[in-house]
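Given below, in the form of structure tokens, are the structures.
What follows is subunit A paired twice: with subunit B in the first complex and subunit C in the second.
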Partner chain A sequence: MTAEPNRIVFTDVSKFYGEVLGVNKINLKIGPGITSLVGPNGSGKTTLMNLMTGLIRPTRGEIEVLGTRTDAPETFYSMVGYCTQFDTFPKGVTGFGLIYSVLRLHGRTRREAEEQAWQAIEQVHMTDAAHRRVAAYSKGMRQRIKLALAVAHHPTVLVLDEPLNGLDPMARAESIALFEKLAEEGLFVIISSHILHEVDLMSDCVVMMSNGYVVAEGDIQEVREEMSEHPIGIRVRCDRPALLASRAFSENHVVEVRIEDDGAGVLLRSRSVDQLYALVNRVVLEEALKIEGVTPVDEDVHSVYSYLIGSNGAGRL
Partner chain B sequence: MAVHRRGYHQYDGPRTPERWRFWILARYAFRRVFRLRLVAIFYVICFIPALIASSAVYLSHNVDVLASLFQGERFSDAELVPVTAEFFLFLMTFQASLSVFLTALVGPGLVSPDLTNNALPLYFSRPFSRVEYVLGKFSVLFVLLWLVTGAPMLFIYLLKSSLAGWSWFVDNLHLAFAIVLGSAVWVSLLSLVALASSAWLRWRPAAAGMLFALLFFPTGFGQAANEIMRTGWGSLLNAIVVIGTVWNSLFYIDDADGYARAARALNPMGRVADPIPAWTAWLVVGTVCAVSLLMINRKIRAHEVVR
Partner chain C sequence: MSIEQIGVVAGFEMRKFRAGRKWFFPLLLAAAPVSLVSLLLLFDPHPPSNSDITRVFAVMFQTFMLRLMILFGCALVFANLYQGDMVTRTIHFYLLAPVRREVLVAGKYLAGLLITSVLYGASVGIPNILIHSANGQAVAEAHFFGGPGMRELLTYVGIALLACVGYGSVFMLTGFLFKNPAVPAAFVLVWESANVFLPSALQKISVVHYLQSIVPVPIPIGPFAVITAPASVFGSVTGLALFTVAVLIVNGLLMRKAEINYVSD
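And now, the complex of A and B:
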């Protein structure tokens, strides 16, 4: 395996817990920006994150995070910040005390630890509650303090397991804005989430998992385009949907045409996204249609997830 | 394709040395331990016997002080409290007994709360290894227990040396060695057993009970084996006899005598079984420490597998 200093690289990684499969034959390269891990419960997301953060070792294969292996803890953990899915706090600790002591474990001096702890706490808007016990925090506050814990030591790779769980809409929006800001600055932000529309909004790349396997990975539009057995659909809002529908029927690649109930739009499905958009362009130019909007109907994470993984969580790629 | 401006820089400033990071964990644990009033009070009580012993040693060299305290009484010139190997062995046995109770108060609260609160990934997703974690927790008990066992006796040794002179210090250097090593062996054994109990039993009272059970249940079996089979090998299960034999070997006290004293203390009415060789006692101590470490190793994991 050649070291890639700008990628998180999984090479043929498998992890078994005795006879139980965690993840199997994972080959993955993750770049900077926000990468979301999506999959049903038990699909191997947390195992993949634990492997990435060196908490468990692969049964087979190798993992390198920005060219560093997990067996060099001092270098490795200065690069990686991990926000676990479950609350993992020692008893009786305060928010500030937790971050301060963890920064001390990272080798910061007292003064640095104090400064960086306050910076992280301010980043997640927890200044007022910093000296309260974590056990007395609400679910949302605990999530935010975990996030502060992950970013406090200024890592380059942030691994966040279900970081939006339990947050109210305002806190969610703030957290997503923070992830986007960090990703824009060049961090590798790896997030696992069940909230697909939020994944859709913030992700540069999506890794879909099912039963311990990666079933799809990459930019969501690219993934969607590769799913030839599921025709791509677009909704066109225009002044003469019937005309567009009749022209679409004459094309071989179009598999479904449906006028919408209000009569002001048409849903088109085709096996070829390029040909479909070319058709719409042609009709608009030739017939001088007035277009209000053209929107893809199933180019989002939710659709891709349901096509690939389905409601029962079984991968079907 | 997102465009990344790379305005962010990972921390690349200086770091504190790695070899002492385990102490961070210990420092926080000390603070938490002494927040419990019961522990703080008992800890102070643990020093009382050593304080009485040091006062006795001091007074035995300052008879004039005693005479001024008890006017009219006459004190002989002979040493009131002879500071010998037996003196230290007696004191060590007493302090060691107190240290068991102290361990039962402190030990269960060291590992089990981290396991109950699933806090281990918090430590191990930092530059902090399992060895450092165990070392951090171990050092809490080791320091606390050594301060009530080895440290007071070493203080008495130095006090006696200052009163009796340099020649006493040199002639009895083996006592200092026995105090340091003997207490370190006992404290290490106790600490490892306590950490193993705390790692395996998450309910604190159960972990404390387990500590006593591990110390005293095998003792009963050993005694029964000795009585029924008319042998002495059952004493290998007797914690008091085993550690007593180890200490005897360190203090150069005749094994048979030391063993008989320990056996009579445990069971005054019973038959005094044959003594066990010192090397077997050392072997038992080593085995118990190794087994405890294996038990700790099994439980201290970065993640939990939900089956």
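And now, the complex of A and C:
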């Protein structure tokens, strides 16, 4: 494997727990910015993250994070921060005490550890509760303190397993803003989530997983284009949706037409996006249709995810 | 290996020990001899002579303190240092730190050693002083300051600390290898107790062999009274130190390969 100092590289990585498949034959290169891992429970997202952060070792294959192997803890964990999904903490610790101790373990002096611990705690707005025991925190507060712990030592690679779980809408928005800020600063931010519209909002790149396999990767548009045979849909809000629907039915490339419940719009799906937009233009000109808006309905992660993985979690590619 | 990082791990482990109520059973064990001797002093109006008391304590030390109290106390404390973190799903806080795995082993071992040394050092020393005070202050002063009492006391406490050193390393290793610490604790108990019946070569593969060789007052009768090929003080301390270092090296190698095994997704 060639060392790539600017990429997280998985080369033919598999992980089995006994006879149970964790992930299989993963070949992946992740660059800077925000990369989201998307997949249902059991799809292998956490396994992939644990492999990436060296908490488990691959049964087969190799992983390098910015040219460093995961089995060199002294250098590796200086540049990696991991907000795990595990909602467990050592007994009796306070939020500040935990972050301070971990920073001391990172080799920081007492003063550096204190300063950096407070910086991280302020970033997640936990200053007031910092000296309270973690056991008394709410789910959202525990989530935020885990996030503070992951960013406290200023890592280059930040791995976040379901970081938005348990956060209220305000905290979610703040966390997403923080991830975006960190990504803009050049960090590699890898996030797993099943809240797809949030993934959609913040991701530069998505990796879709199902049953231990990567079923698609790239930016959302690229992934969408990979599936050229998959019909694309648009929603047209107009004054006479029934007319547009009847014209669309006569076209061979159109595979689905549905009047919306409020009767003020129509959903059209076609195998040819160009022909679909041409049809809408033609009807508008010929029938003097009044258009309120035309929006793509399936260029977000959710529709791509639904198509690729299917409702029962079985991969379709 | 950073001494400061070892200290950080040890400090963190001791705070966890205190906060996690893990101290209860080790402390209960440590309190047993003190309680027993206190009861004897309170309810026995005619205590035996000082020389008999010395022999009684010798039996108590070799049978209960060394082979049961310290052994099980170390099992409770050291086996939990690694396995406890796995059970509570908190080992990843350590594994994600940029330190050599051996530092984690050394820090955890140091924490266990400090805890058990304080508990069982005191648990051996205090009853020794109390029981030799049964015949009054003058007899006690004569025993400790005019006789062999102080040397015996310090030797007993030293042996207790050495026992923590040796058993600590063993039980830390079993904490890596076994999920249930009761199984290896029972095995070690049988091995250490049956040690006197084993060939002399096998006797050396035990902690108690080295400790029994340097007890200040031998037991007059019973299986523990006979020590085959006893080691010198230097031999005992060196042998135990080498044994402990060897076991800790194995601990370090296992820690290098440690992975979390509480994956849910």
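We adopt the following convention: the second predicted complex is superposed on the first by the 258 of 317 C-alpha atoms of A that agree within 3 Å, B and C clash if a C-alpha of one lies under 4 Å from a C-alpha of the other, contacts with A are read in each partner's own complex, and residues count from 1 in each chain.
Keep in mind that, in the parts below, a residue touches a chain if its C-beta (ideal position, glycine included) is under 8 Å from a C-beta of that chain, and two chains touch if they have at least 3 such contacts.
Since the model is a prediction, treat every value here as computed from it, not as a measurement.
J.: Will subunit C clash with subunit B on subunit A after the two structures are superposed, or do they fit?
T.: By the criteria stated at the top, subunit C and subunit B clash after superposition.
J.: Pick one for A:G92: touches subunit B only (first), subunit C only (second), both, or neither.
T.: Touch partners of A:G92: subunit B and subunit C.
J.: Quick one: classify A:T84 as touching subunit B (first), subunit C (second), both or neither.
T.: Both: A:T84 reaches subunit B and subunit C.
J.: Contact-wise, after the overlay, does A:I259 reach subunit B, subunit C, both or neither (first, second, both, neither)?
T.: After superposition on chain A, A:I259 lies in contact with neither partner.
J.: Which holds for A:N50: it touches subunit B only (first), subunit C only (second), both, or neither?
T.: both
J.: In the superposed model, does subunit B or subunit C contact more residues of subunit A?
T.: Touched residues of subunit A are more numerous for B.
J.: Would you sort A:N41 into first (subunit B), second (subunit C), both or neither based on which partner it touches?
T.: second
J.: State whether A:V284 touches subunit B only (first), subunit C only (second), both chains, or neither.
T.: neither
J.: A:A183 contacts which: subunit B (first), subunit C (second), both, neither?
T.: In the superposed model, A:A183 contacts subunit B only, not subunit C.
J.: May I ask you to decide whether A:P73 touches subunit B, subunit C, both, or neither, giving the answer as first, second, both or neither?
T.: A:P73 sits against subunit B and subunit C alike.
J.: Based on the superposed arrangement, let me know which partner A:G107 touches: subunit B (first), subunit C (second), both, or neither?
T.: Both: A:G107 reaches subunit B and subunit C.
J.: Quick one: which of 4-12, 58-66 or 220-228 on subunit B sits on top of subunit C after the fit?
T.: Among 4-12, 58-66 or 220-228, the clash with subunit C belongs to 58-66.
J.: Please report the subunit A residues shared by its interface with subunit B and its interface with subunit C.
T.: Shared contact residues on subunit A (touching subunit B in one complex, subunit C in the other): 17, 50, 53-56, 73-74, 76-78, 80, 82, 84, 86, 88-92, 101-102, 104-107.
J.: Under the stated contact criterion, what part of subunit B meets subunit A in this complex?
T.: 1-2, 4-11, 13-18, 21, 24, 28, 32, 113-114, 117-129, 302-303, 305, 307
J.: Along subunit A, where are the residues that touch subunit B in the complex?
T.: Result: residues 17, 20, 32-34, 50, 53-56, 73-74, 76-80, 82, 84, 86-92, 101-102, 104-109, 112, 116, 149, 153-156, 182-187, 204, 219 of subunit A touch subunit B.
J.: Which positions of subunit C touch subunit A when the two form their complex?
T.: For subunit C paired with subunit A, touching residues are 2, 4-5, 8-9, 11-12, 15-16, 18-21, 88-90, 92-101, 257, 259-260, 262-265.
J.: Given the complex with subunit C, which residues does subunit A contribute to the contact?
T.: Listed in rising order, the residues of subunit A that touch subunit C are 17, 22, 41-47, 50, 53-57, 73-78, 80, 82, 84-86, 88-93, 98, 101-102, 104-107.
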